[in-house]
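First subunit A sits with subunit B, and in the next complex the same chain sits with subunit C.
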Partner chain A sequence: MSDTDDTSSFDPVTVFEPTEQDLRSGSDDCYKCSTCDSVCPVAAVDSSFPGPKFQGPEQWRLTRKEDTEIDDSIMGCSNCMRCDGACPSSVPLSQMHNTARGAYVEQQRFASDAVAALRSGAFRRAASIVRDGVADFRERIRNRLLANYYTAGRFASKLPRVANAATNFGPTRWLLERVLGITSERSFPSFATQTFREWWADRGGSHVENPDKRVAYFHGCYANYNTPAVGKAMVRVFESFEYEVLVPQQRCSGTPMFANGRLDDAKRHAETNVESLAEAIADGAAVIASCTSCSMALREEYPELFDIDDIDAVSEHTYESLEYLRHNEDLDAVLSESSGDAEEYVYHAPCHARNQGLERQAVELFSSVDGVTIEDVGDSCSGISGTYGWKTEKYDNSMAIGDPMFTEMEAAAGEQGMTECPTCAMQMSHGTGYSITHPLELLADILTDDPSASSDR
Partner chain B sequence: MDTKTEVLVIGGGSTGCGIARDLAMRGVAVTLVERGTLTDGTTGRMHGLLHSGGRYAVSDQESAAECITENRILREIAHHCVEPTGGLFVSKPGDSEEYFERKLSGCAACDIPTERLSGEQARAVEPYLAHDVERAIRVPDAAIDPFRLCVANAAAAREHGARIETHAEVTDLLLDGDRVVGVELAHENDTGQSVPTERIEAEHVVNATGAWAGQIGAMAGVDIAVRPSKGAMTVMNCRQVDTVINRCRPKGDADIIVPHETACILGTTDVEVDDPDDVPESQWEVESMIETLSELVPILDGARTLRSFWGVRPLYEPPETKTSDPTDITRQFFLLDHADRDGLAGLTSIVGGKLTTYRLMAERISDHICERLGVDAVCRTADVALPGSDNPMRLEDAMASFDLRSPIARRSIQRLGSRSSSVLSIDEPNPVICSCEAVTRAEVEDALSEVGTDLNAVRIRTRASMGNCQGCFCAHRMAALLHPDHTVETVRSSLDALYEERWRGQRHALWGEQLSQAMLTRFLHATTMNRAHSQTASSESIAFERFDGGDDRGD
Partner chain C sequence: MGAMTVAIDADVCVIGGGLAGMTSAIAAAEAGASVRLLSHKKSTLRQASGLIDLLGYTPAGEIVADPFDAMATLPDHHLYQRIGEQAVHDGFDLFDAVVGESYSGDHTAANALVPTYGGRIKPTARYPTMTAAGLASDRSPVLFVGFERLTAFDAPYVSASLSSDGMPAPTRGVTISAPGSHRPDTRLHRLVHALDVNESVSTSTGSQPIRDALARRIEPHLESAQRVGLPALLGLENAPDVRRDLERLLGVDVFELPMGPPSIPGQRLEHQYLDALDDAGVFRTTGNPVVAFDADAGRIQRVYIDRNGSRVPYTASQFVLATGGLVGKGLASDRTALSEPVFGCHVPHPADRAEWYGDDPHTDQPFARFGVAVDRSLKPCDDSETPEYDNLRAAGGVLGGTDVTMELSASGRSLASGVRAGRLAGERSN
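Now for the complex of A and B:
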């Protein structure tokens, strides 16, 4: 009998499988100095929250391989990532938090544990798993819904007017609050009657062809479903500098999914994004985001959390829109010769912009424009942190965190808010009643007074 | 001051505490004396491996068989001190295949269960193992906390009426002709000063001082040729592996990695020394150990090291053996009955051996002493659980009951075992004192209630200050709990003793992250708290009241 006939000795070639390596070694860099705790906006308003040092290096170091439970306080973290920037020793705090949160949400899936307990005859244990699991059920469904804003937005945008009426209809909100724990204190953002992508298709895509200057626009969910004006402004600005804008296929960046521990959802979306953005990069494009949390996700969280082909290339070629222009165009020269409508802006830098070192760019850029004044409200966190401030049990914390920002905004001369982050904008508007502009919108107004462009607005 | 006892045990290591427990359980009146804190000698300076016996399965099958038997017993009677990590003997290219096979058959001969793993299977167990690990043998090695084990033995002995005296150094053996009739002790007080001596009369004295046995023997003019051998161990900040990793080769330095609590301990070296109290500590030993073990687990290279320490093996061989390489000296233990051996009655010494078989050693020596004393009682130490392991409970159920963050609850309960409820169920806030090791105030206070003011004794019971900051953020919090029951001088001297001990090990890890940590510690403690006693500080006491309302002379 030849070797090939002997199936019993057949041993399939096992390629070395990458086993999950853990982050305990990330704790090596922590000196316990607690600087991260001192900048954590949640810890500042909620004394029961143990802070980023505990959630990150301490919890990881205390965890053995077989220890599965993650402390439930991980869900108190708003994923603002300020701790990352504060750490003097480069501890990968938010990576540890995201990973721990993913593990926590995984352990909330109680069904298989309960079945395993039943099989082993531990009936009381099974009962307690089911009891705890059901108690967490509402939170899981709510978080899943919030995390998948992409999907919600997609449906709502089919019938935006109905969606707008329904989502802010009193009884709906009462139900959402009672059943799911989504606060009724806030008004839902309205859905645009035409999404950015619909507009882009109607427009016939790019009006510029330029193989030397190409950008792939990652509009994210919000500029697509809710504020297409920001996306349109992006196109006008970049086309005014002769860029060819590509709008690749894309799904959610993953930010709300990370913040809700839904790493599997985030990975699915990331796979689509990485594939299509990598293709654009191969065509010579840089990836541009108008939302600072989207650029943060593509740049930092993707390579930290996922192993997908080309993910490093996407991370290395992603920029925030103004950042990219400031690198590649002489924006200051153009702007110092421009003038805008006389307007006083009060600017808040999103935490995720801060993490990318972008917290001063809007202020630096627009201060040179004749007629425009812009005032920075300082380093406060807005407190909404995406989906965080939408959760009933987090609403009070969210508003307490935002309080210094509201105070600064009101003390500032301007009554027109400005920020790059769509949910910071929600919070700014919610706390002060101001209307909020994206820097790209102002830049588009200053740079392009071409009347033919008005159809793009 | 004169007192009396039936048996006086010298040495508060695992052997001494084991003997004290064994004899006390047989109804013998025992006093145990230790010159420092329990475990201060060799017990507290080992890598924390509970041998499966696999290590000795080729070279010394008698030891191997004892190890596996005791391993099984300790998992039962001391489960709160044991983490059943399992162990691997791994082979790299060039390591003898024949030896690997002999290891397997040796284990089989000693009733040590094994499992043969391919390199891939071994990496599935331990992802950070080197890619060229070719094969491995899985054995039931485990991690054991020698501190907790020793303390639990002492506590059990005390429960059975034994007297345990720490910080009590034997200054002389009392002789009556050719008979040892007791010891003379010097006690040390709270601030580290020696206070008047005590004479304890005993019917029998047990010399369980291990590497120091020769010094005690000399007090009665008997020669005990212990051959102390030093071994270096290095503590890594976190666990690169969760399984004990042994290199599968006949012998060699730096061939074991033991996951221990939050850390990994790398071991070890084997160099004979003259004086167990004067062990040269060389940086090259640490560096070479990290380098050699990185061959097995590459991420060790560049990983943070917390500290290094040197232990002294109490190796002994009958004087006529004359083995030249300490690695070849047997790990067996020897009971030296000085009546038979030297014509000196009333004294028995125990030397050699290892922590894994401490209970068996204690049983043998207790049998011997009971025979000498005419006590008719059987050993029960293998059947009765130690305090902390006496009431099995579900960890998950217990974790929910103390209102602690889950990793803190888990670690606290793993340390305290069945004592968890009595220690952690308190009606007041229970903040974390040592956040690196998740030790709460209730646990520190419980330890303080046992040991008085000795913060190093608190450390070995709780692990407080044993984490990555090495006391930077908790040493003073621990000391603060001594107030207001103790004087400022006592609190300061306890704190200094803890600082000194923590610094001793860190001196060998002053590069990279731990150097930064040491600098931060220095800034906080030496500068901010002025514990370096800067000369610019006034000798007058600080006028704290001036801080309360502000200086009224100010503008």
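Now for the complex of A and C:
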């Protein structure tokens, strides 16, 4: 069942633009209460960032006029989507940001403009387009690299030990910082010596056959290349409830691409995902994800941004893994009768879990387990927001945003961190030195004490 | 497949996370029930001024000195009459316990007169301690300080307007530029954060903590002022420290004037309520609306929230509806009718839309009183005054019968009905 290989190349597609009408009514719904600005973690620390109300409804209105280009500040938005959840009027802010970012990146593609200027004889203009374009070039390449973690992960996981040594090797980091603007303050995540998909294939796929209870696992990039233990824990948990687990072919969910305005890349990946997940859904499976940004992308951003056959079916049948289990098994009752190793956890809810209404789920579930204590560190943003905190020029902002979370973590009793989001986990451990686990890993330990299972980990 | 079949259960399920819903949830938990609070959006407290009005004007439009005295004169159909004075006391007791020292006003039954950023004097029952030094009843001279570009707060205008509104103290207003590079217009929150953590800013005399820099800019304007009033942006978590530092540096009292949305005092209050919900052990699910329900034999069995197209069930033995009024989306209106969209409760209103509005926009507005009609135990009733469901109560802005904007009683209504509905639901569920 190994289909880790990339599918053949896709035809380039033009990005589906949300219709003028969709966003116009969203923009009209804004009554300028500024609640969105009040929750934006970037606006709180970055004086040059004008905030979501500007990035969303105001910029949308401004750019209706010809010759008004998307403001550079759009790239300052970390795509945490907090503004979305806060707007009392349900203005589709992050859809507006994503669309504006996509248009901004398009606008940066200077070559065609330069050629057009040359053709029309405007040599000066062509030269200036090229000059400006080169200045932005470094940022574009860097963002493109960060957005395509899927591709980087795919290469790195072919030679994980080499990749691990190389990516955290001093001179490489110096080069990455100097040439591309990727901060050397952070250590790169290490690549697993066996990817989740390799493990899955080795294991011979699912150990349960059950046409009545099927889930299709969307592992995303991170659980596949970096933390296969999360995916294995998911398999242990769901198989313990007699679920047949499917692992359909998949590419990146698109999260880092949306955040870097690479909507065309995201759409290419989305087409593979939608096609293969829709097939699993037709076979009776619900789609589950262990990363809250992946479930967010499939559920919310896909139908907002793209027009692909079956995209609504995928959106409606995608769940966060614990959310799905909790609403299909009496997990609350099982857990309240279980016990776990005495351990004190400090939990941080990722912004994208918050946006899905899941920010209290882990705390609720685990606080009923005998022996386990779990403390929520409150509603601050971790500050890394995927690729945002990896950019040299954003690093200080990222740490300033994360500061309240670090303080809360240190004030809490436990020293074992927990979160659903892989990049929040990086930031939590970067700021405190704690090791960070995923709720599925704890759940697997509580529910399955089968020692043979530990070889799966 | 994909059908979310196992419901999450609690004794009491409260729908709506505004002041009324949070109050109900805490009251139900204190009555011994397990409680689930389902809210579509973040609490609306972060938009509210942070002032807690109980009764500022009588229905006849006279300013109220003592709300409890005035309550006795209210008509029978008024909410305070229907649920009784004790419910109002209970609601304010719960509020006082949640906010502790950060609010003032509980030492007296009388209303306080608080100056607002619009230059009006407002009778209110509770006000943030950050605002306490600004009361209009005090006669000591005031300097109002506004910031360039923060157009919502025009200090010279506020000063003039308060004097003509009857504020007895001598007042002046100046506009200064905010220290550092913070432009307090779109980046209000940047300034709030900088004051909160006392960031250092560069000034003409070198770099210094922003609180010092701010005091330095105010000082030359002080003259004989004994109080300084600023727009409410003096920090979030560390607001008392910001005020204390400014008072120490300036040697006079400092106070905030509550602002319109986005409201910093509202955000502070929201934090306190969220902590109180956690302390009471209330389970919260925020981000998705309740869109449907099942009922059987006159009782609500379960409600469903919408998760991008899929429905997630929640069960309880008692339910509280606290979804707010037209603004909170607890009431829906189209061209011809008004409705309560979650349970379809009866909302009495004239069939002829022309009768929704009064002739004079400043006086009686029938539509401001539209809302769900309830019996004395806060159960929504149908048009023959029979409860719609045996285990459903309603609280806060979704209730009809009172024009809270005119009489300045919005928060009082939410606290009194919230505590009563929550407590009854909690007791009945045991």
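The rule we apply is simple: the second predicted complex is superposed on the first by the 431 of 457 C-alpha atoms of A that agree within 3 Å, B and C clash if a C-alpha of one lies under 4 Å from a C-alpha of the other, contacts with A are read in each partner's own complex, and residues count from 1 in each chain.
As a convention for this text, a residue touches a chain if its C-beta (ideal position, glycine included) is under 8 Å from a C-beta of that chain, and two chains touch if they have at least 3 such contacts.
All figures in this text were calculated on a predicted structure; none of them were measured in a lab.
Peer 1: Touch check for A:G284: first (subunit B), second (subunit C), both, or neither?
Peer 2: Touch status of A:G284: second partner only.
Peer 1: If you stack the two complexes on chain A, which partner ends up touching A:D71: first (subunit B), second (subunit C), both, or neither?
Peer 2: The first partner, subunit B, only.
Peer 1: Who does A:L62 touch here: subunit B (first), subunit C (second), both, or neither?
Peer 2: Touch partner of A:L62: subunit B, not subunit C.
Peer 1: Return first, second, both or neither, reflecting whether A:C33 touches subunit B, subunit C, both chains, or no partner chain.
Peer 2: A:C33 sits against subunit B and subunit C alike.
Peer 1: So, does A:S47 touch the first partner subunit B, the second partner subunit C, both, or neither?
Peer 2: A:S47 sits against subunit C, while subunit B stays out of touch.
Peer 1: When the two structures are overlaid on chain A, which partner does A:D332 contact: first (subunit B), second (subunit C), both, or neither?
Peer 2: Second partner only, subunit C.
Peer 1: Give the label of whichever partner, subunit B or subunit C, reaches more residues of subunit A.
Peer 2: Subunit A has more residues touched by C than by the other partner.
Peer 1: Please indicate which partner A:R354 is in contact with in the superposed arrangement: first for subunit B, second for subunit C, both, or neither.
Peer 2: It touches subunit C, and subunit B stays clear.
Peer 1: Go through subunit A and flag every residue that touches subunit B in one model and subunit C in the other.
Peer 2: Dual-contact residues (subunit A): 33, 50, 53-54.
Peer 1: Mind listing the subunit C positions that touch subunit A in their complex?
Peer 2: Interface residues on the subunit C side: 1-2, 4-9, 41-42, 44, 46-47, 181-183, 186-190, 192-193, 261-262, 267, 274, 278, 283-288, 305, 307-310, 312-313, 327-328.
Peer 1: Which bits of subunit B are touching subunit A when the two form their complex?
Peer 2: 83, 120, 123-124, 127-128, 131, 237-240, 242, 259, 262, 299, 303-304, 394, 396, 399, 405-408, 410-411, 435-438, 467-469, 472-473, 513, 516-517, 520
Peer 1: Would you pull the subunit A residues touching subunit C in the complex into a rising list?
Peer 2: Those residues of subunit A that touch subunit C are 33-35, 37-40, 43-47, 50-51, 53-54, 85-88, 214, 281, 284-286, 299-300, 303, 312, 315-317, 319, 324, 326-332, 354-360, 364, 376, 379.
Peer 1: So in the complex, the part of subunit A that touches subunit B is made up of which residues?
Peer 2: Subunit A reaches subunit B through residues 14, 16-17, 19-21, 24-25, 27-33, 50, 53-54, 58-67, 69-73, 89, 125.
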